[in-house]
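Order as written gives the chain letters A, B and C; numbering starts at 1 within each chain.
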């Protein structure tokens, strides 16, 4: 069974069909790329998949479960986590606490337990700290656990966002331009991290990216979006050679 | 006939709220701050008029002009000294609390200079009353003047904002301050101008308020200020027609509430209606709905 | 890792310590006769306002919503508990006072919940104005409320005559005239109100600090820092905003209980928006999200106008100027940069560059 199956997904804003008849199938464990020129509707697809927008038509299935029209919270609980194009961290919280917020629905105790500091509080907090540090270690952020997230350098903020998303224990991870603003060295490092995340967490990943080196380097399959519609999709190598894709990017 | 009589009282009171609300809404639209001291500028304006006439023996017209000038200058000075240093502060609460400080400052200065006792205000606007329906409905001169003043100000302000260069600069700053700056708009000057206009209007509002309710204390401006702020939110803060409609609706509601239900709970009714409106339309009657981009 | 936990625990402990230390100092001064009557009179109100400020900080600082209706919740707590104290005058004083505190907290929490559900859909300044409106509505309604008690139980009306009390019944709440003689109901423990106030403050600190450093507290702060991101990791924003709002309201209710029982005459008119603003000023000046700041700012700022009484009419003027100056000094980017430069120099002379 496919991890993600999207059928004829569309959304209309006023007179504009921002996404129109979008189809996509991602198999479990795949590293999948969503590319296209600016304004093609890539982030809108992410927002539809995560319930920020409700689709006008179409069906979204995650691991066989119909999640169309569900709220962001329900969809996260169903197993989709994401990062954002413009980084959205909890800036006034520590790096560790950012990840612990991600663990919120997996390690639970009641508000009263927390206020009264019952034994369960100490037990669960300990579990959370251990798990959070484990995830942070993957991103080489464990030594900065106490730093405020807002004080991290840019590249590390992007990593922390991925770490926080992974903390929610998703089946599918959506990365919105993870390499934006990074220099070639950082991008190279990020590629390795993404590969590692897939292996280590047995993760299915869908990413939006402009950096063709990154896309060509790690994605197995690609979907190219143009003016809200699928221009072409398939194996990375063949898609990147497609004249229609080159035209869409470079113009006539 | 009492219904129409209440209605006219409501519109008259509402017109005063509308004029004050215009000051609030313009400042909010452009400086993105709640100027809590706005109500107290009204009080300052009223004291200036009263002092000029009773102590200085000035003609009413001159006194009103002087009051407008004083309030305009006061508004600009307050903005420059107390608000503009905080424009880029990390929390917008900072400037709100500072505005509260300015409000305390103005009230207590007035308390020191003029004392706590209520002063009875002189009659300045001497327009004869109009009698309608064979004497069944009397409309006082001040009521007519108030409503006319409100209409003139509203039309004038709309024209100014839409058709003049500084007015369009205001619109630009309110849409996007940084972009306006890049396009060569002098943001500081525009904000100063906004405070100048808003505070000048407050002087007029002070005059009209004290003509309708002729007692003056250092706290005269506070409650009308809060209500006008409610009116501005009611109409959709940042919108000029919104402030107008919000103000008049609020005035009518208040007078009707006092007349038909209870004078003690009239304010509660006004606030309850505000809450209902905001729950149905969270940005007010004329407010623009801006969604955060993901 | 252990370090982080220890640091927050240590911070919390310092806050309890400050309160206890101040309490001890006051007790020593008072037993040696060095505490003026003026200051003695300020002690319980300071506890009231500190509880109010710490609880408001939960909403403003940690949940990131501007509330201008805190006095409304204090008002509800004050009147409900005073009514309880009068109506249940057969219960012995100590258990009755404890119950009165719980009544005040519970009623205020219910109001917080009822008001919070619709209001928390709004944001920023709109939320502020609606909370202000709610505060004013509560004040207006209690202002026209008359409550009395007789053998048949509680009577509620909108006028004194409307109560129809039997012979032997007594009026408790008289509309705008308020409730009188609540303090006199507690003759035996009245002298201990300051100690009770300090204990209530410590409990407030316990609740707020432990909440903030727990799973729910992190969720509350995540909704403050970034709503969209919080939702994306499965945080129920409404639930946690409401939680913070309700707990804050309940604690404001407790402040109201203390306030009501410390007075011989409780009038609703004091709970106007100016009181909400006063508490907000303490919170903002003490530092948004800084609990210790709230405690210290409240004590200083509450005592300041009272201590300036010698300056008669000038005192509120001085207060206003101090307030504006402190805001500019604390928050203006120019002032902050200047302070950072000064700090840099001070530190730089000690040891050359340490922090990046």
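Here is the rule we use: contacts are C-beta pairs under 8 Å (C-beta built on N, C-alpha and C of every residue); 3 or more make two chains touch, one makes a residue touch a chain.
The chain list, named the UniProt way, goes like this: B, C = Branched-chain amino acid ABC transporter permease.
In this text the structure is predicted, and so the values were computed from the model without any measurement.
**Student:** Compare the CA centroid of subunit C with every other chain's and tell me the farthest one.
**Tutor:** The most remote chain is A.
**Student:** Would you identify the chain whose C-alpha centroid lies closest to the centroid of all protein C-alpha atoms displayed?
**Tutor:** That would be chain C.
**Student:** So what's the Cα centroid distance for subunit A and subunit C, whole Å?
**Tutor:** 42
**Student:** Report the inter-centroid distance (CA atoms only) between subunit B and subunit C in whole Å.
**Tutor:** Chain centres of subunit B and subunit C, defined by C-alpha means, are spaced 31 Å apart.
**Student:** I'd like the Å distance between the centres of subunit A and subunit B, where a centre is the mean of that chain's Cα atoms.
**Tutor:** The answer is 49 Å.
**Student:** In subunit A, which residues are in touch with two or more of the other chains?
**Tutor:** Answer for subunit A, listing residues that touch two or more other chains: 52, 84.
**Student:** Which subunit C residues reach two or more other chains?
**Tutor:** 228
**Student:** Hey, what residues on subunit B touch two or more of the other chains?
**Tutor:** Residue numbers touching two or more other chains: 294.
**Student:** What does subunit C use to touch subunit B in their complex?
**Tutor:** 60, 66, 118-119, 121-123, 125-126, 128-130, 132-134, 136-137, 140-141, 143-144, 176, 227-228, 273, 277, 280-281, 284-285, 288, 313-314, 316-317, 319-321, 323-324, 327-328, 330-335
**Student:** What does subunit B use to touch subunit C in their complex?
**Tutor:** Counting only subunit B, the residues touching subunit C are 28, 34, 82, 85-86, 88-91, 93-94, 96-98, 100-102, 104-105, 107-109, 111-112, 226, 229-230, 233, 237, 262, 264-265, 267-268, 271-272, 274-275, 278-279, 282-284, 292, 294.
**Student:** Touching residues of subunit C toward subunit A in the complex: what are they?
**Tutor:** 1, 3-4, 206-207, 210-211, 214-219, 221-222, 224-226, 228-236, 243, 289
**Student:** Inside the complex, what are the residues of subunit A that reach subunit C?
**Tutor:** Where subunit A meets subunit C, its residues are 50, 52, 71-73, 76-77, 81-82, 84, 88-94, 96-97, 100-102, 104-105, 107-109, 111, 113-117, 121, 124-125, 128-129, 133, 145-146, 164-165, 167-168.
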